[in-house]
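In the two complexes that follow, chain A is the common piece, with chain B as its partner first and chain C second.
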Partner chain A sequence: MTLELFIQYIFAGITYGAIYAIVAIGFNIIYNTTGIINFAQGEFVMLGGMISISLIEYLNLPAAIALAVVITMIIGALVEIIFIRWLQGPSVLRMIIITIGVSILIREAALHIWGESVRSLPYFIGDEITSVSILGAHISPQVFCVLAVCTVMMLLLGVFFKTTSVGREMRACAANSTAAILCGINTRNMVTLSFVLSAAIGALAGAVMSPITYSQYNIGTGLAIKGFTVAILGGLGSSGGAVIAGLLLGIIEAFSVSVLPLAFQEAISIAILLLILFIRPHGLFGSKDAAGLKQF
Partner chain B sequence: MMKKYLPFLPLIAFVVCVHLLTSWTGTLYYLTQMTMSAYYALLIIGLCVVMGYAGQISLGHAGFFAIGGYLSAALTTRNLLPFEDTAVLRMLDALGVLMKGQDIYGEVIVVITPWAACITAVCVAALLAFFIGVPALKLKGHYLAMATLGFGIIIYRVVLASEYFGEADGISEVPPFVLAGSLAVSGDFSERISNYYIAWVLVIAGVVLLRNLIDSRVGRALRAIHGAEDAAGSMGVDTARYKLHVFVLSAVFAAIAGVFMTHYNGSIGPSEAGVMKSVRYVAIVAVGGMAHLWGALIMAIILNFLSLRGVFGSYDDAVFGLILIVIMLFAPNGLLRINLRSKLQAFFSRAKRAEEV
Partner chain C sequence: MVLSAVMAAGAMAAETLKIGAILSVTGPTAFLGVPEANTLKMLVEDINASGGINGQKVELIIKDSAGQKEKAVSYAKQLIEEEKVFAILGPTRTGSTLAIKSLCEKSQTLLISCASSKMIVDPVASFVFKTPQNDSLAVRKIYEHMQKQGISSIAVAVGGTGFGKMGKKFSEELAPEYGITIVASEVYAPNVTDLSSLVAKWSGNEEIHAVINWSIVPAQTILAKNMRQANWDVPVYLSHGFGNIKYVEVGGKAVEGVLFPAGRLLIAGELPAEHPQKKLLLDYKNNYESKYNEPVSTFGGHAYDALMILKTALETVGEAETMKVRDTIENMSFVGTGGIFTFSPTDHSGLDIDAFEMMTVRDGKFVRYDAGTE
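Then we have the complex of A and B:
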């Protein structure tokens, strides 16, 4: 393998990896506050891309993306308020089935609104053939947009959880929701907020990745599976682990294309998921003791 | 003893009545969808025992259905003539599992007999269920759901990507499955009635088997596992073994359903392996009331029949998604149960109040 090809694959891997990491962080935010895995997480990414593509006809690019993110946040809030908020002590099986149902409804609604066609946003800088040359490899400027947006999002999330009072309240819910209630935190609102937050980051990632990966009504399931793989790989609930695991999975996937047919690409990441689940369900970076407290 | 088999009488009566009614009114074509619904029901009652009684979710049962269907379709249609002189083929010939057929161009081909293909397909599904089940059933909740979902997607990807399984086109021209004498599973119109009864005999046999399983030691162990797995384990119930057995059994049910459905339709396509199919089976088990074999059977027949008749149109998947949510939100114990129970409660509370007055 030549150096150029190697760098090309690395960048492709990092781009996809960043997206997977964002989806995984979305899983983590909701998991931390509620203890449930939101199977509709991939649908938020799809909505972010599709809504901004529809809005671009009327608005300029930043406004379209911003509005799409806001709309997806509202949808995220509605999902929580309508389907989850009022349930009392639901079983895990029930929650799984409900979020799966929600993901199907969003997907089918998207199918009826946008049809089966594959769409994409225009490139933010230049067009399809614009490229930046790095050590002989040609990288689209959009790749840097994706990486920049994902990095900024992760940093902002870090700042939000560490320094703001709302962020600290959310972390309190994650650590011990009973104690949080005793401190006067409205945990129900925190749960809604966690859905809004993960809808927002999912939608933003969906919009910036759209020029490279394209958007279609059914991309959600694949993204959810890969995001979940990354979340498990990095240790469920750990955002730092999710970033490392996301980049790892993205790069493995990118290089697998050079060895195996493209059609098996998805099968590879799922095989990794199964292996991790079977061998190290607490993830590569998580500790076994901490994982023992969770619902395996 | 007799009492146990009493509920089967209305079922058999229903099956016969549907046949008579459709033949009187000249609407025998309904039997085609009834036959297909029956095969789906066979899978669903198997899944019902895994989900409802053992409490383990599986989002990968369409995968087992597809393994059954695809393997039997591939083995009975793929020409083995180029391998005529190999030792393996001579051995197969000696075992009497080869037969001559014709491809769509009228050329003579050599294929595996449906019986041998069926047994192979079911065994492969059972083995895969075993190897997936050993590690997967150690997981709980979200992890088990994701693991089985992942398994289903891998099967889907493999059939979609491999030439042997016909890629996006699937496999067609699957020959009839001759069970005995002139009794054959095929989509031939002249054999519609016999096929209808073949499907229902399979379903009833399946229900009898599962009913007995549930009422046995195994069934009690399973319910203990569902209630509290750790407690069951501490009472000496070998939880891992029981869960695995039921999982493998349900995979066998799914594979048999796949084999028969494929011979009945004469073809199979990748949509049968899709994630939405697995979710649909889970939805039907949920509507039936999870731990409710008869409920699952009734809902499987009603919903699959409506879906196959095209009642839901392009909202087919959306309807099942909606059913899933509504049932889980408002009636997690199933549709049949909530009506009966709340009505009974309302009735009794009224009676009580009347007494008090």
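Then we have the complex of A and C:
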């Protein structure tokens, strides 16, 4: 394999890896505060793309994306307030089934609003055929937009959870929600906030990736499965783990094409998911003891 | 009052001619099914406004299969058994057509498909016809073009659909005849969103001098886009499934210069005045575009041909009698949007390779390939 080819594969891999990681982090934020997996996470990504495509007719690109993110955040909050918040001591299974229902609801609504057609945002820099040359490999500038946005998002999230008081309160809920309540933290609000936060990062990722992957009403499911695989692989709840696992899965998928027929590419992530669940159910970076304390 | 209403309804039923249509108005192949449904609605309105066929008003029953075989089968049963339609037009897709082929044959219901695979009419089923050009002919047209360009070693990518698999089958079967070697071949998932890793794999293979991407799903533009981004500049050939300008809108600059075979509908204006298809193509194009305010596509043309072949045969026979209409179609010559059809008892497709023109995309529009090189 030549160096150009190697770089071409690597970039194809990390572009997808970064997107998977963002979806996985969305899973993790909600998992940490509620102990559940929000299967509507992929729909937040879809909404981010589709809403910004609709808004671009009236606004410039940054404004359209910003507004789309805000609208998706509101939808995220509504999902929590309408479907989760009022439940009295719900079981984990019940909440998970609710999120699956919500994901179907959002998907069908999107089908009615936007129809079947495939759309995309314009490329942020250049157009469909612009490419940047790196050591002989040719990469679309949009790839760098995706990578930059994902990196900045991860850094900001890190700062938010480490330094702000709200971030610390959310982490307190994650560590032990009973103790958090005793300290006077309103855990219900933290749960709502976690939905808003993961809606925001999902929507932003959805908008940035739209020129590369196109947006369609049903892209959420596939992304949710990939994101879930990555979240499990990295260890549920671990954001650093999600980043490493996401990049790993993306790169494995990209390189798999060089040895396996393309038709098997989709099967690889599922095979990895099964392997991990059999061999190391707490993930590559998760701790076995911490996983034992959670219900799920 | 009641009695007269019932009698009127009875008289109405006897007078209308029921024609069923199974089209993917929604689903991944909606770019094909929507213009087909629009065309049929427009034509039936016109036919009924001018007194129907043989004095009978036409009742068109369109069922949306969403591109799924299972739905096509259950709608076909419904149309045949409950609605007792005279004929079925469509389905849009090859897989769906093959799934209902034997059903129509057994119930002796005429089926005029809008899907393109040769498998639909080979082996011949006596009640099954189709209007799009054979996919094997499209492959031949592409290979002829490659021969002229001196291209002899290629890669083939197909979407994992009925249409894609047929493209793979025929491109592999016919390649030796044209001295062409397929050095790489891949099937991708119909819902794929990015093929940059495939492009990375293939661009390293110096033996690939052209790529065929055979697909009717949106992915047909993705490969071209990823190839352009990777600065890999070999000719891209697409199938006759590219004949809707909406694919060009999605693909943008990335599909400039792609090559594909298609019927002459897309370039009706460019045809010489004496061309036998010209008047019909322009009439259909103008009517469709003024009614629906969107550019005409070859797929709508397939539906046009299907209904008009049926109408012509019915008018020749003078009554809705299945056997006679079948025999008439089998001996018919018909100028349609897809080409000049010459049916026979052994050829239920009726078109030859001359029905195709090689086309390309220039400045976001379909143009004849030769027009640019002359």
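In this text, the second predicted complex is superposed on the first by the 292 of 296 C-alpha atoms of A that agree within 3 Å, B and C clash if a C-alpha of one lies under 4 Å from a C-alpha of the other, contacts with A are read in each partner's own complex, and residues count from 1 in each chain.
Everything that follows uses one rule, which is that a contact is a pair of C-beta atoms (placed from the backbone, for glycine too) under 8 Å apart; a residue touches a chain by one contact, two chains touch by 3 or more.
The structure presented is a predicted model; accordingly, all values stated were derived computationally and were not measured.
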| item | value |
| --- | --- |
| Partner chain(s) touched by A:278 [first = chain B, second = chain C, both, neither] | first |
| Contacts of A:135 with chain B and chain C, given as first, second, both or neither | neither |
| Chain B versus chain C as contact partner of A:266, first or second or both or neither | both |
| First, second, both or neither for A:175, with chain B first and chain C second | neither |
| Chain B versus chain C as contact partner of A:125, first or second or both or neither | neither |
| Which of chain B and chain C A:101 touches, first, second, both or neither | first |
| First (chain B), second (chain C), both or neither touched by A:148 | neither |
| Common interface residues of chain A - those touching chain B in one complex and chain C in the other | 261, 263, 266 |
| List of chain A residues in touch with chain C within their complex | 1-2, 4-5, 8-9, 11-13, 15-16, 115-120, 127-131, 133, 137-140, 212-214, 216, 218-219, 222, 253-255, 257-258, 261-263, 265-266 |
| Chain A partner contacts - residues on chain B that touch it in the complex | 55, 57, 59, 135-136, 138-143, 145-147, 149-151, 153-154, 157-158, 160-161, 275-276, 279, 282-283, 286, 314-315, 317-318, 320-322, 324-325, 328-329, 332 |
| List of chain C residues in touch with chain A within their complex | 26-28, 30-31, 157, 160, 186-189, 191, 193-201, 203-204, 218, 222, 225, 228-232, 246, 250-254 |
| Interface residues, chain A side, partner chain B - complex | 36-37, 39, 83, 87, 91-94, 96-98, 100-105, 107-109, 112, 221, 225, 228, 232, 261, 263-264, 266-267, 270-271, 273-274, 277-278, 281, 295-296 |
